[in-house]
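Labels run A, B, C and D following the written order; every chain starts at residue 1.
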Amino acid sequence: MEQEEKEFNPKIVAFLCNWCTYTGADLAGVSRLKSSPCVRIIRVMCSGRVDPSFVIKAFKQGADGVFIGGCHIGDCHYSEGNYKTLRRVEFMKIFLEEFGIDPRRLRLEWISASEGDKYAATTLDFEKQIRELGPIQLVEV
Amino acid sequence: MVTVNIDGKNVEVLEETSILKAAESAGIWIPTLCYSELFEPYGVCRLCTVEVIRGKRSRLVTSCNYPVREGLTVLTNSDKVKWIRKLIMELTYSRWPNVPVVKDMAAALGVSEPRFKSLEQDLAPDACILCGNCVNICRDVVKASVLSFEGIGIGRKVVLPYNEQSETCIVCGACAQVCPTGHIKIKSLEKERGALQDWYLGPKTAINIPTLQAVPRVPIIDEKSCIKMQTGGCGVCSTYCEPEAINYEAKDEEIEIEVGQILITTGYQTIDLKQMSQYGYGRLDDVYSSLEFEHMLNSTGPTGGTILCKDGSEPRAVGIVHCIGSRDENFHKYCSRVCCMYALKFAHLVKDRTPAEVYQFYIDMRAFGKGYEEFYKRLLDEGVNMIRGKVAEISEGYLNNGDKPYLNIKCEDTLIGKFREIPVDMVILCPAIEPQFDASNIKKIFSISQSPDKFFLERHPKLDPVSTMTDGVFIAGCAQGPKDIPDSVAQASAAAARILSLISLGEVAVDPIKAEVMDEYCSGCRMCNSLCPYSAISFQEEKKISYINDMLCKGCGTCVSACPASAIIGKGFTDKQILAELEGILSV
Amino acid sequence: MAYRTYLMVCAGTGCVANQSMKIKEAFEKELEKRKLQNEVSVVTTGCNGFCGVGPIMVVQPDGIFYQLLKVSDIPLLVEEHLIKGRPVKKFMYIPGEKEPPIPKMRDIDFFKKQMLIALRNRGLIDPEKIEEYIARGGYSALAKALTEMTPDGVLDEIKKSGLRGRGGGGFPTGVKWETMRKVPGDKRYVICNADEGDPGAFMDRSIIESDPHAVIEGMLIGAYAMGSSDGYVYIRNEYPIALERLKKATGQAREFGLLGENIFGTDFKFDIKITRGAGAFVCGESTALMASIEGRPGEPRAKYIHTVEKGLYDSPTCLNNVETWANVPQIILKGAKWFTSIGTGDVTHDPWGGSKGTKVFSLTGKVVNTGLVEVPMGITLKEIIFDIGGGIKDGKRIKTVQTGGPSGGFIPESMLDLPVDYDELTKVGSMMGSGGMIVADEDNCVVDMAKYFLTFTQEESCGKCTPCREGTKRMLDILENITVGKGTEEDLELLEELSNMVVESSLCALGGSAPNPVLTSLKYFRDEYLVHVRDKKCPAHACRQLNVYTIEEEKCATVGHGCDMCKKSCPDYAIMGEPKKAHYIDQMKCHKCGACFDVCNFKAIKIE
Amino acid sequence: MAKITIADLEKIREESRRTLVLREGAGRAKITVHMGTCGIAAGARDIMSAVLKEVEERELSDIIVTNSGCAGLCSKEPMITVELVNFPAPVKYIEMTPGKIKQIFDSHIMKEQIVKEYALAIGSEMTH
């Protein structure tokens, strides 16, 4: 079964911080907002918990896009977690390019618990972006 | 103690007291014109002259500043003294014949017609008689030293520096109060010092009780208009306070208390009505905010509960306007929930206390609570004119005979589909309820979050409205959103119950999500030590490895992902678990 | 440089005003020309006292006294006296028209009867050279006090000497110092009152100009006795030369280590600040003076608590007059017994018992020799006026002498045998005061003089207390009425009553003594007042409004050759007359300004 | 001038004593140099400076030196008169020369013995 003829369904892994973005996602759901179905959520206590190796593992296992959601700067429940994430994502964007993965496949957004609408809109936008990029081609080494 | 013989009576008084005071304590009257308790006697009117005999020498001295000495005999009414007083009085009387204080004193001393006419005669009833009280109180008590004497001899007079309103004058009014002839007048300045509390509708003394129903009902000092705070002078209130309860040095102190739970009930503030110029608040007389009107209704308020316009007359018609700044695109979209009901209460009270006509301008009458609708019906029966429509503008209108201008309310009556202009004497605006101006600071301090309308965000709107995302921090009342008293009380009790439940537990269930260092893997690089926002990770010198204090650790996992040797396990979110999840969601 | 002769040129304010500095330069130039500058030295000295005949120069060691010198006289004088050694009679002092000039300063009676203590160095030293003061025994009293005597010893000496305040109050200095010493307090002040507000008084000025170091040494001794380390000299800004010399003197004293820390190697520390008075008469009063030093307006306060207990900056302060301080060094040097040998009364038991030592008077008015005289207490007024003062000018008859400045009193001719001391003068209603002594003759009107003094004190009253501010103004209004003929007899009673009231109930000494001239003139010259009141006439023609001015036909020069000086001078065009004919005054228009009388050179204007 | 001690006080007083004594006119001896026109012509000027030099060298602090007009005996000029306070009569010396002045100082001034050979006469008008 050729995957290509079948309509391309991107697989997007989303690491969502429990206090803000995860709750935002929940609020989007409660408010019956339309968000992207191809987002598969992993809840972490803080966006700072997301280890760069997780992102690599996700792409390796066929994820077309990775989305990290955290609290707004200054709002983090642990006060400094999202600062660390900001640094790591900048760093990851660099080495993803070296691995031949388009850095735009990785996206970081600050979404607070009350921004259900922003969560929905961002996921739809990210899905559209990944669709444009097409499925991920990993070069077997 | 010193004993002194005054007019034959032996009087015992403290050291250093003046003869005048000693005589007063013995009930002997001595005339004074420039004497005042508040500062060191100036001794210039010389009317208090008495005859003092020590040993064989007798001489005339002023009793106001002559300190009493042992074995002194004082004659306050000898012929010489009477003659001297009469003559000095004649001098003063001939120069200031129409000053009441001087006229009375002259009569008291039996001086009718002075034998000479002073060339510098001043016929004004409030002439300055150069007693120096104002100069002394300003210099010694208020310590602003604004007033002073100018010129010498007959040309001496009291002046302001360069005869202009002086910058250092703090308009405390002490000089006007102490002036025996009323020569000094206080007129209002364009920039008032010691701000009048405008919405308490009345001037305030520097030390006052806000309202008689204030809790606690104790006087407070208004720092801006208190002389002691401003220049270190005065301090008269402390002399009259028997329990000596006044401590000028008391400053706000910051006290640190260790607590387990925090309940945030910072309440609300009303919108600044001056932004909406179309309603004329602050510009037109008799346009009040609801809080001001509430204060007027209160029996301890400035008008003692009667409803009066600013000029003291009774209003013939009153307009009450709802939704000022609430349900409004330009200000707050949300409904402030409480205005409709208190507006109805106002209407009822106006109807009850005055014969005035009442007009109520609403968009939707939200009488949602228990017994609220019945109250609304009752008001309709009482003849309150209900006009469904937004008020466009309030302006001043003039009747033909041009006496007091009335307030003209322009509005649209959507029920009859017409524009209407209602003349009233008084307008009450119901301002929107909005979060306190410093809500964002509170949010940062307690790391809770705000909902879009800037009120604090509850953990869950339906299931957990009193707690917040952060454990141990709870919110209640208008801090969480506009609500009336019954709802606020309900929320407060709920929050209190939640807190008590945690307290009664005795210990706090710490959630299991923690990080832990595996000793064998840790290489002691100490990268994680500085990472932890709660400084839960410290270094064991003897073992040369880091370890995590699990009471402080909140389990965010930042250190877990940062550890180069992945020597830290994030319990509940171990690497294995997350990778397994990853695998699972990507396998399909 | 051994000089054989010294030309002591007087450089007091009086003589300097008469160009004595120019005369000094002229001398130096002339000596240079005659190559005598190595043998004869020109020295500027303080005021010799005989201001009436300034500029004065005394040639020492010959002791020859030259007066009324002009720059043009100098060459002749140098030629005759210094070259040929023949004193020039033309410039000597001539007692009367026919009498021969008196060459020696000692023999002139103006100086003969004087006894100099405060002014002992006047005319003998250059006040701007501390060495000359030391040469005449300066600062040895201080040395004696600091090293041989204890503070109590010094205090006791002053007390025994019977020295009393020369400022006018006459309060025994020893008692004042003793009270000050007993009062605790580490910050203590010693003040020299050089305000001298009285018009016509220049004693303190001359003392400071001729011998500033005497005052400094006196203050040092006083400070040592009373344990003070801070001194002030409050001096009038209207005394530029005295201020200049005082600054130089304090500078030199500081340079010599006589002011500042551990003086003469002892741990006694003392320094003097100079504060300049702004010319308010009331600032001569002690509490007003202290208020002025503290920067507050010069207003006196009640002295029920004496300034020795609470004075400057509320700390113990002892204030004495310039002359009082100047006497102190001599008392310490020559001992109290020497001082009590001069003056009147007995002070062994009661410090108020007598007036000891000498007093400096500024003798002015209608006397021939006007100037500064220092006479022993107890000398009679007659001796001062006639022996020293050389009697009344132009042989007129003396009417009265006013002592004590504007707050002093008039003493009639009948009392001229009165010995001059504190108690005698106060008994007759006048007072020693600062030492002003104004002699008036028959042409002076006592009412006018009383009005002049009262105008001064009324203007200078600080206006703080009612009796002085209002009382003196009412008294002045009454006197004004009297001098323009509107006075009535009741006015005199009222005037007396007001005066007594102001004296009794005023806050300070200014008010307390301002009515003295009025009271004493009423007491001794009531008849003159009555003439003014009843006949509306002024015997001395001083009160011009009361005069009637007429032109005496025979004396009037217009007759014959025409001169209309008076006609031109009259502001009211009251004088008429055709040219070359006698003029006459229209009494209706005449406002009695007296201009015609002043202008007429032929004395043709008659005043009744 | 460093901080002066009492000894310094004494020293200053001594130094300037000479000028002051003169100023008070209280000298022990008085030398009058007659400088009338004839005297000056006969050299009275040098006599005067010689006398002053003597006084300065011997640091005599109580000698009064004055000049006066012609003494009358022009032929014997230059002449000086010496008077001692405790020696009533003044002595006139004639035809003076700086050398003779020195002798007069040694004997008459210092030892109060009159130098007979130069003396013209003893006692004449008393100018003291």
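Definition applied: contacts are C-beta pairs under 8 Å (C-beta built on N, C-alpha and C of every residue); 3 or more make two chains touch, one makes a residue touch a chain.
Just so it is clear, the model here is predicted, and its values are computed rather than measured.
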item	value
Chain of greatest Cα-centre distance to chain B	D
Intercentroid distance (Cα basis), chain C paired with chain B, Å	67
Whole-Å separation of chain centres (CA-atom averages), chain B against chain D	99
Between chain B and chain A, distance of the C-alpha-averaged centres to the nearest whole Å	53
Inter-chain centre distance, chain C versus chain D - centres from mean C-alpha coordinates, in Å	42
Multi-partner residues of chain C (each touching 2 or more other chains)	none
Chain D residues counted as touching two or more neighbouring chains	none
Chain B: positions in contact with at least two other chains	none
Pairwise touch network: line, ring, star, complete, or other	line
Full enumeration of touching chain pairs	A-B, B-C, C-D
Residues of chain B defined as touching chain C within the complex	43-46, 49, 60-62, 65-67, 80, 83-84, 87-88, 91-92, 94-95, 115-116, 118-120, 130, 132, 148-149, 151-156
Complex contact set, residues of chain D against chain C	1-6, 9, 12-13, 15-20, 22-27, 32, 34-36, 40, 48, 52, 55-56, 64-69
Parts of chain C lying in touch with chain B, wherever the complex brings them together	280, 282, 297, 299, 301-302, 304-305, 458-467, 469-471, 473-474, 477-478, 494, 497-498, 501, 504-507
Chain C residues touching chain D - in the complex, by the definition given at the top	1-6, 8, 39, 43, 60-63, 82-86, 124-125, 131-132, 134-137, 139-140, 143, 147, 255-258, 262-265
Interfacial residue positions of chain A with respect to chain B in the complex	11, 13, 19-20, 23, 40, 42, 44-46, 48-54, 57-58, 61-63, 74-81, 84, 88, 112-114
